[in-house]
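Each of the next two complexes has subunit A plus one more chain, namely subunit B in the first and subunit C in the second.
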Partner chain A sequence: MESLIISQMAVSGALMGLVYALIAYGFQLTFSTSKSINFGQGELVMLSAFFSLTLLDWGVPYWLMVPGGLLFGVFLGLAVERAGVRLALEQKSEGWILLTIIIGLLGFSAAENIWGRDDRPFPTPISADALQFFGVNVTPLEISVAIGVFALMGLIELFKRKTLLGKAFEAVSADRDAAELMGISATRTVMLSYGLSGLVAAMAGILVSPITTVGPTMASALILKAFSVAVVAGLDSGFGVVVIGIFLGALESLTSFYLGSGWREAPGLILLILALAVRPNGVFGKATIRKV
Partner chain B sequence: MVHLTYFFAVYGSLINFIGINVLLALSLYVTLSAGQLSLGNAAFAGIGGYTAGILTTQFGVPYLLSLLAGALMAAIVGFLLGMPVLRLRGVFLAMATLSFGEVVRIAAINLKITGGAEGLLGMPAYTKTWFIYLVIAVVGYFLSRLRYSRAGWSFESIREDETAASAMGINTIYYKTLAFTIGAFIAGLAGAMYAHLNYIITPGEFGFSAAVNLLIYCIVGGSRVWYGPVFGAALLTALPEILRGIGVTAGPIRMFVNGLILLIVILFLPNGLISLFQRRRKVAVSVLAGAGIGDN
Partner chain C sequence: MKKTLIGLLFLGMLATSVSAADTIKIAITGPFTGGSAPMGASMRDGAKLAIAEINAAGGISVADKKMQFEVIERDDEAKNDRGALIAQELASMNDLSGVIGSVNTGVVLAGDKHFQEKGVTKIITPAAGSASMTQWSKAGVPDLSIFRFAAHDGIQSEMVVEEAIKRNLTKVAIMYDSTNYGVSGRDDMLEQIKKQGNKLEVVASEKFNIGDKDMTAQLLKAKSAGAQAVLIWGIGPELAAFANGMAKMEMKTPLIGGWPLSMSNFIDNAGKNGNGTLMPQTFIEEPITPKAKSFIESYHKTYSVPRIASPVSAAQGYDAVYIFAAAVKQAQSRDTRKIKEALEDLRDPVEGVITTWKKPFSKWDPANEQTHEAFRREQVVMGMVQDGRVVFGNDSDRQRLIKNAIK
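This part shows the complex of A and B:
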């Protein structure tokens, strides 16, 4: 019986971990092209979820709402790039860290003023009735999270490898200056990466909100764990985030089972600090050699 | 004299908060001066505050001793944390220290001795306004001396280029940890003083938004000289009052005006508001700059 509870906790935790992995993947996208990330990514998740909920309130059918919400995410990602990241990167300063945080805070206060402070349920046609696999309960809703995460990450990876635009993306990630000499616009590629990371954030919002409800603070815990996943896996690790995300999600859910739910957030953060002590470039990261 | 008494009655607590925020901004300044972007200084303040608060309320330790204990506790934690995380650069350090801050907040919520989510109650109001500003003066003097010491020059060179600094024979790990620990000590001291200013401290006060505010004080004021963060912290802590004075009321608009000011300063004055005043002196400074003494 004990082992059944443990595997139940581990499985549902791991499915939640996939959402952390997806957000962390969004960090990777922008980091690879511009060596910057959006510290307000959690607010993008939250704003996209609220926007999608509003679409549903207006009577838009669920399957039409999804592309609408994703487009809104792309728009937000581009806005963050234009307002916060571009100028700061041109100045070669680290002001973008603060700028993206401030844009996130502005987004947070906008959400509080537009949609209020309450948590709201997010209706979905996907059933939440449990199915049993080897005695472990899994809901179709949780399976939809897994499918959504893998489908989106797979599509983006395919896009990077198979299309010309995607190859430009890879070229800028590999060597910005050389790519520019080949006629690729690095600025546009950075824009593209921010758009994609906005898309990823919106997807995370739509996938997770039927499980967690929608509210201004819905993403503040998510984002910290996505940070942990991104740093532990390494920001250039590709699918490494999935492995770490699943591991962290399962670990977290087991911690809350044994130590009480208040400590739920702790293992990820402690894992982060420990992992950094051993491998500063991430578990799946490559060591970089720095030229002077 | 009557006017002065009236002024203190109305703005006394604002003046105290400005003082505490100035100290916290100075603590981050030390870390930034060695090029290390930390978002953990609010958590160090929390560690200092809780340590001192618990010592005075539950063990009856005298005020000054509990301040010292709070600051030392924060410095020890800072030292231990610094060893693993200071191997990281830029964003990664920011993310790691951010997570550390969350660990501290979660611990404060869940532990019994810290009073949980309701916070720690019953600290006597020992911290006086004159004492806060005395401490600021001492810390400011110390930092202005530090800047031109061997450690100060090492911090500077690490900030400019860490790899080059270590190639020049500077022990970067030692000096980065030193800057981090000094920062944690000052933050712990400020937190300990803050705990004895209010009757209560709660975990939320030392969370993410507090950490971001400290960074904003330093960047807006200018993090290249020690009085930049002082200026930034004083201005931005008073800004809500100033905005109220000129008719911008609380709520969404004030938040927006605040955000706008920050965006403009960061984008167009990378060295902070203090660089506005320095530009005028540039002629005088440039002579020294040739000898490698100038700031910019």
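This part shows the complex of A and C:
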């Protein structure tokens, strides 16, 4: 019984952890090309989820809503880049920190005014009835989250490695100046990374909403954990965020079982402090030497 | 020029006060947006329905004059600071006859002192925890202008424990949210278990936070300890997370708890997983009596909804207005202090949609806050969630109410 409980808790937590990983991946995408991240990423998750819910309310079928929601995410990502990041980067200033936070706050107020403050259910055709694997209960809904996360991350990684545009992405990540000398437009690549990051946020919103319900504050807890995952894993390792995400999710639910649910948030924070103290570049991060 | 302007302004003020001379000003406050909105908005709509009925019938005759109700609405957004501000504003109005409203205990604790200070009569409905009245008995105020028109937590926890015992259960898990409301709910339930003969063993007692979405840890503890029922004290969305988690863990044990389990944000978010959930109710949206039938129908029609978001709140708001109106009529005055005195000694029974109220309140006694509480055990029934609505949990309650209505 005891081992069964541990595995149930670990599995439930790990599936949630995959969502942290997906959002953390969104941080990584923009950080790798521009060394900037969108601090309003959580609002992108929330706004895309609300937009997708509105599509469903209009009678758009679920499987058509998904690309619609994702496109909206891309659009939001591009808007953040244009309004909050590009000018700051051109001037080599850190203004993007404040600007992305402000854009996030704007998005939050907009959502409150357009959709209201209530948490709303997000209908899905995927069943929430439990299935049993070796005594552990998992719902198809949770499995769909895992599949969605892996599929999207896999596709983006494949894109980065196999296509010309993707290689340009990698080149800018590796060395922006050298890439520009080779004729790659860094500005466009940064745009691309923000678009992809918006796409990832929208996917996270669509995947997680049926489980958590949709509301203006739905992503505030998620985003903090995703940020921990991104920092602990290192801001340049796609594989790392998955491992750390799963680990953190499982650790959280085991903590809340053994120490009480009030301690749920503790492991993430301790992990973050440890990582910053012991491995500032992240567990899976590469220590880079910057030549001056 | 300046003088004429001031003169005009003065005239304007006079004019409004003249037109207001024949109205009874009543304020309706509560959370009309946010997580507690189903309760606040349903209460407001129920109260306004009663006011519209009274006004359409010509109003109330006070001192040979027919007077109409005039409503002032304020949304406290379930925020304590907003609640305090609104209370201050309302208490400073000289011609306000009374206030009806409030859902959140914190809002009541922050705001009601302003009403009490100025002696403004307030009927708390549809909710607010025990502390909203015990604060006055603890302070030992000799005279109180605050009344409560809601099934208090004591009755509710009594019924929750009673229900578990009635089902011959012996092991229960208690879940509560980490707010004042949840913690005092847990204490009430533990006390009731003791009071009702220690027939229930609490095998797990677990806390959760507002905003938590995953309750697997708490439920696994309950399940592994062999709990036969989950007794729960919390508010809408988190309760739904429990119902959904129980379905996932294949826990078929009943979920029993306080009346927020009847809120639409529980029922909608839990979907079919909410079926069978039990909670105390003061009103069930079933047209079992002619009075209930006409109330439900006109609510649906007036607000174009197929169901009331929180039937309990709507019915309490409706009845509270009729009780208030009866007090105005008896006092023959719109003076808030005279209305208070009439409320403490209502001579004629008031026919409401919940029941026929006979002397709901009595003279305030600081040693016994029941004097300003309207609800007793017999006005509360057990409700059960069934396919998106709340129905009677026990048929005996239903039969009893039908019989009472005929009498």
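Here is the rule we go by: the second predicted complex is superposed on the first by the 292 of 292 C-alpha atoms of A that agree within 3 Å, B and C clash if a C-alpha of one lies under 4 Å from a C-alpha of the other, contacts with A are read in each partner's own complex, and residues count from 1 in each chain.
Throughout what follows, a contact is a pair of C-beta atoms (placed from the backbone, for glycine too) under 8 Å apart; a residue touches a chain by one contact, two chains touch by 3 or more.
Everything quoted here is computed from the prediction, not taken from an experiment.
Chemist: Return fit or clash for subunit B versus subunit C, each positioned on subunit A through the superposition.
Modeler: The answer is fit.
Chemist: Report for A:262: first if it touches subunit B alone, second if subunit C alone, otherwise both or neither.
Modeler: A:262 contacts both subunit B and subunit C.
Chemist: For A:273, decide between first (touching subunit B), second (touching subunit C), both and neither.
Modeler: first
Chemist: Determine, under the contact definition given at the top, whether A:37 touches first (subunit B), second (subunit C), both, or neither.
Modeler: In the superposed model, A:37 contacts subunit B only, not subunit C.
Chemist: In the superposed arrangement, does A:116 touch subunit B (first), subunit C (second), both or neither?
Modeler: In the superposition, A:116 touches subunit C alone.
Chemist: So after the superposition, what angle do subunit B and subunit C open up at subunit A's Cα centre, nearest 10 degrees?
Modeler: Superposed on A, the angle at subunit A reads 70 degrees.
Chemist: Between subunit B and subunit C, point out the one touching more subunit A residues.
Modeler: The larger set of subunit A residues in touch belongs to B.
Chemist: If you stack the two complexes on chain A, which partner ends up touching A:181: first (subunit B), second (subunit C), both, or neither?
Modeler: So A:181 meets neither subunit B nor subunit C here.
Chemist: Could you look at A:164 and tell me whether it touches subunit B, subunit C, both or neither (first, second, both, neither)?
Modeler: neither
Chemist: Just to confirm the value: shortest Cα separation between subunit B and subunit C in the superposed three-chain model, in whole Å.
Modeler: In this superposition, no C-alpha atom of subunit B lies closer than 6 Å to one of subunit C.
Chemist: Report, in rising order, the residues of subunit A that make contact with subunit B in one complex and with subunit C in the other.
Modeler: 260, 262
Chemist: Which positions of subunit C touch subunit A when the two form their complex?
Modeler: Interface residues on subunit C, with respect to subunit A: 33-35, 37, 178, 206-209, 211-214, 216-218, 220-221, 224, 236-237, 240, 244, 247-250, 265, 268-269, 271, 273.
Chemist: Hey, which residues of subunit A end up touching subunit B in the complex?
Modeler: The contact residues of subunit A facing subunit B are 31, 35-37, 39, 83, 87-88, 91, 93-95, 97-99, 101-102, 105-106, 109-110, 113, 220, 224, 227-228, 230-231, 235, 260, 262-263, 265-266, 268-270, 272-274, 276-277, 280, 290, 292.
Chemist: Tell me, which parts of subunit B touch subunit A in their complex?
Modeler: 37, 81, 83-85, 87-88, 90-92, 94-96, 98-100, 102-103, 106-107, 109-110, 161, 163-164, 167, 208-209, 212, 215-216, 219, 252, 255-256, 259, 262-263, 266-267, 270
Chemist: Given the complex with subunit C, which residues does subunit A contribute to the contact?
Modeler: Touch list, subunit A to subunit C: 1, 5, 8-9, 12-13, 16, 116-121, 128-130, 137, 139, 211-213, 215, 217, 221, 253, 256-257, 260-262, 264.
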